[in-house]
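In the two complexes below, chain A is the common chain; its partner is chain B in one and chain C in the other.
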Partner chain A sequence: MKPRLIRDFHFPARPEELAFGVCTDAGVLTTANSGWRVFRPVLDASKCIRCLFCWVYCPDGVIGKEEKDLTIDYDYCKGCGVCAHECPKKAISMVKEGE
Partner chain B sequence: MTIDSKFQFSDLSDQELLYGAKTCPGCAATIAVRLALKVLGERTFVCVPACCLAATTNAYPQVSFAVNYVVTAFPATASTIAGMAAAAEMQGLEDVTILGIAGDGGTADIGLQALSGVCERNDNVIYLCYDNEAYMNTGIQRSSSTPWGAWTTTSPAGEGERGKTKYRKNLFDIIAAHRVPYCATASVAYPMDLMEKVAKAKAIKGARFIHVHAPCPTGWGYSSEKTIEYGKLAVESGLWYLAEYENGEMKLNLTPKTFKPAELYLKGQRRFRHMTEQDYKLIEENRDREWDLLKERVKA
Partner chain C sequence: MTKTQKGKGRFLSGNEAAAEAVRLCGPQVIAAYPITPQTTLMEKLSEFVAAGEMSAPCKLLLVESEHSAMAAVMGAAMMGSRVFTATSSQGLLYMCEMLNYVSGSRFPVVMANANRGTATPWTIFGDQRDSFAMRDSGWIQFYVESGQEALDTILQAYRIAELPDVMLPVMVNIDGFTLPHTYDLVQVPEQKAVDAFLPAFKTFNKLSLEAPKCMSFAYGPDYHLESRCLQQKVFDEAVGVIERVDEEFYGLFGRRYHGLADTYRCEDAELVLAVTGSAAGTTRVVVDKLRAEGKKVGLIKVRCLRPFPAKFFASLNSPQNSCKVLGVLDRNISFGLEGGLYTDAKASMYRPGAKINTLGFVAGLGGHDVSKADIEVMFGKLANLAEGKPEEEHQFIGMRWA
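Up next, the complex of A and B:
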């Protein structure tokens, strides 16, 4: 399991809702990184041999290996292209966002 | 030139303890930290000083570390983790790992004195330095770990100027000279080797240091998908090395039979764009001198 974006996050409305001091919870994700992406990695599972190089090298750790086919968390993929560049089977292609 | 591996990627957890950070696309520092945390696990207390990692992991209200995590002052990583280790001991917390993570500036420059103290006292901590070879968070200034000839905003290249005029400091040697129980260099391009070193460090008590080469698309000037490619080229051309110091002995984990030409590593990066054939030659000569020294120490 990866951490997940909290989709219904809202800022504290009143001072009483603020956490005291300088501490907050760990692992709180309130904003996505998907808007950074120019190209989106798209997996062709039929070419994948599960070497997991993409999984280990993905800087942001957004590739998941718990399902039958690898998954990509598009909320946090930044479209860097490392996965596609390192895939020995060319199973990942970078597709322009919006196409 | 293969590296012995004990575990496989498929054995590793899918859980991420660093996630959603605002680091640049293709950032190797992010890879180094997320893989290290995979090995160390949830019971890790992290301390990070001012650097790219601190600036990108807690843009309020977002917190990208899913472990206990404190940000400290730029020079204070080592002193902060020394205090955290003492506090953990006082509280009888035996299953925790205290981990400091800092950049090259925060480690080789301003944080060196505190780090030397931790090593001399043999405090029970792991210190991981991710080396992107400059002060990146503040806009690419040279550090003592910036390689010779590299352009930065404070080591300009242009009319009459040729980038950094000094060779980099050898942090591995400096830490090994403290006779710590464990010290290693690693690279994000060799993740198995990196994770094995973190696992080894975890199992040892006392001051442990890991120096990770971490290519930086933004500061080095290359496109983001090439992070691993440049990490590998640095090692294959002999401009970075994978080594360990343990029980008073030094070991090389990978010795290329022949080095790839330095030019292959240098020419695609904007920070080395001004370089000439003569510069490549000087870099290779220095590399060969360094490797002669390394090999002598491994034999002895």
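Up next, the complex of A and C:
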């Protein structure tokens, strides 16, 4: 689930779909960061108190707060772990990819 | 009255002529940091701004460095403003990082660079090592021969830069001190003629609350190559645009500069010298003198370094072309190889069994005068090679110790 501002990612199919220079409409990210990730953040919603520290601290804006439970956009999360570090309730754990 | 007499003839330095062009184009934001020999250009512009004589309301930003100057005009360009800055030498080198930001994001910034050598040895005097060092920054680069051409090229630069198919930044290089500080009669066009040539700048590539944009972002390894390919294609596109805009300019103002490269008395020339900037004027005089002596010599004035007139140089190698030996005068040097213009000219002409011989001359570094005698020496060396006499491929001309 993505934050509402971010549109679904798709790879440009033709040169015309590439951004004009490196500028384009807001809400379009050109490159999914998911491949950078070694550990992924996993939220335990039962521990979450919606303090939104993770939402504020996430450098890539991948935490969504539109739903009842917070969401994480795994296309753009690069696995830095800042959210898990900042969470006062230890509701986010970093789990190795593939496990 | 001929077309060239349109507008007012005024006695102006190259910097003042450039400032008149900027006044007529009416940028909304100018940011600059003073550096010799660009200083008098910015002084003149600050007078225009203070007196309310710019053709559009203009904010002059006094910034703390050239890096900030380019960052500031980029910010203004992000808001859809027409912008201007000017610099020289170390200032241009200091801007280097921002030059690449501006070009990759396709902001049509126009800049004048009053060419000056780069330290060390420290020098305030002219050569083109500053702008040649910025060759790969993704900017269109023009070199001009006179104050008039500086004025006209800045008018053309805005037109070219802001066309939706181009949207590239343009650097107009004005050989210091020869051009910026030398006074000559300059035709200053009337405002309404300029307005007819250069429409108000409108772009979709700007920030707005109604249509939010994401600007100057990253391309990861997955598309980076593709994005650079697009950037190259825009330069290919710009070749035709530069030629077309020059034609259009000729129709309105009666002066033309022939796109990427101009020629002088090359029709049947066997010995041809290619130059950039102010050396073209000196070379014209020498060509006339040698022609009067019956020698088949000609001049190529390279007006654009990027996009480079590669097709033009390739055409010199056609069997119909009279050129036998091409000399290239570089007021720059890439240490460890040769002058930059020479490298590009040779590469453009290369093919197996190419008929043309070439010589690369480096001269006029750090304000060292490129005299008529020096140009004659160069043509003499081209003649030697044409006659089968040996000549070193790379030579420094005009040195105290030959």
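The rule we apply is simple: the second predicted complex is superposed on the first by the 70 of 99 C-alpha atoms of A that agree within 3 Å, B and C clash if a C-alpha of one lies under 4 Å from a C-alpha of the other, contacts with A are read in each partner's own complex, and residues count from 1 in each chain.
The rule we apply is simple: contacts are C-beta pairs under 8 Å (C-beta built on N, C-alpha and C of every residue); 3 or more make two chains touch, one makes a residue touch a chain.
Just so it is clear, the structure is predicted and the values come from calculations on it, not from any experiment.
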Touched partner set for A:15, first chain B, second chain C, both or neither: second
Touching partner for A:86 - first (chain B), second (chain C), both, neither: first
Residues of chain A touched, compared between chain B and chain C (which is higher): B
First, second, both or neither for A:52, with chain B first and chain C second: first
First, second, both or neither for A:74, with chain B first and chain C second: neither
Which superposed partner A:61 touches (first chain B, second chain C, both, neither): first
Which superposed partner A:24 touches (first chain B, second chain C, both, neither): both
Intersection of chain A interface sets (partners chain B, chain C): 11, 24-31
Contact set on chain C toward chain A in their complex: 104-107, 167, 205, 211-220, 222-223, 226-227, 229-231
Residues of chain A that touch chain B when the two form their complex: 1-3, 5, 9, 11, 24-33, 36, 50-53, 55-61, 64-66, 75-76, 78-82, 84-86, 94
Partner chain C, residues of chain A touching it in the complex: 11-12, 15, 18-31
Chain A-facing residues of chain B, complex: 9-10, 12, 14-28, 30-31, 34-35, 58-69, 188, 191, 217, 223-229
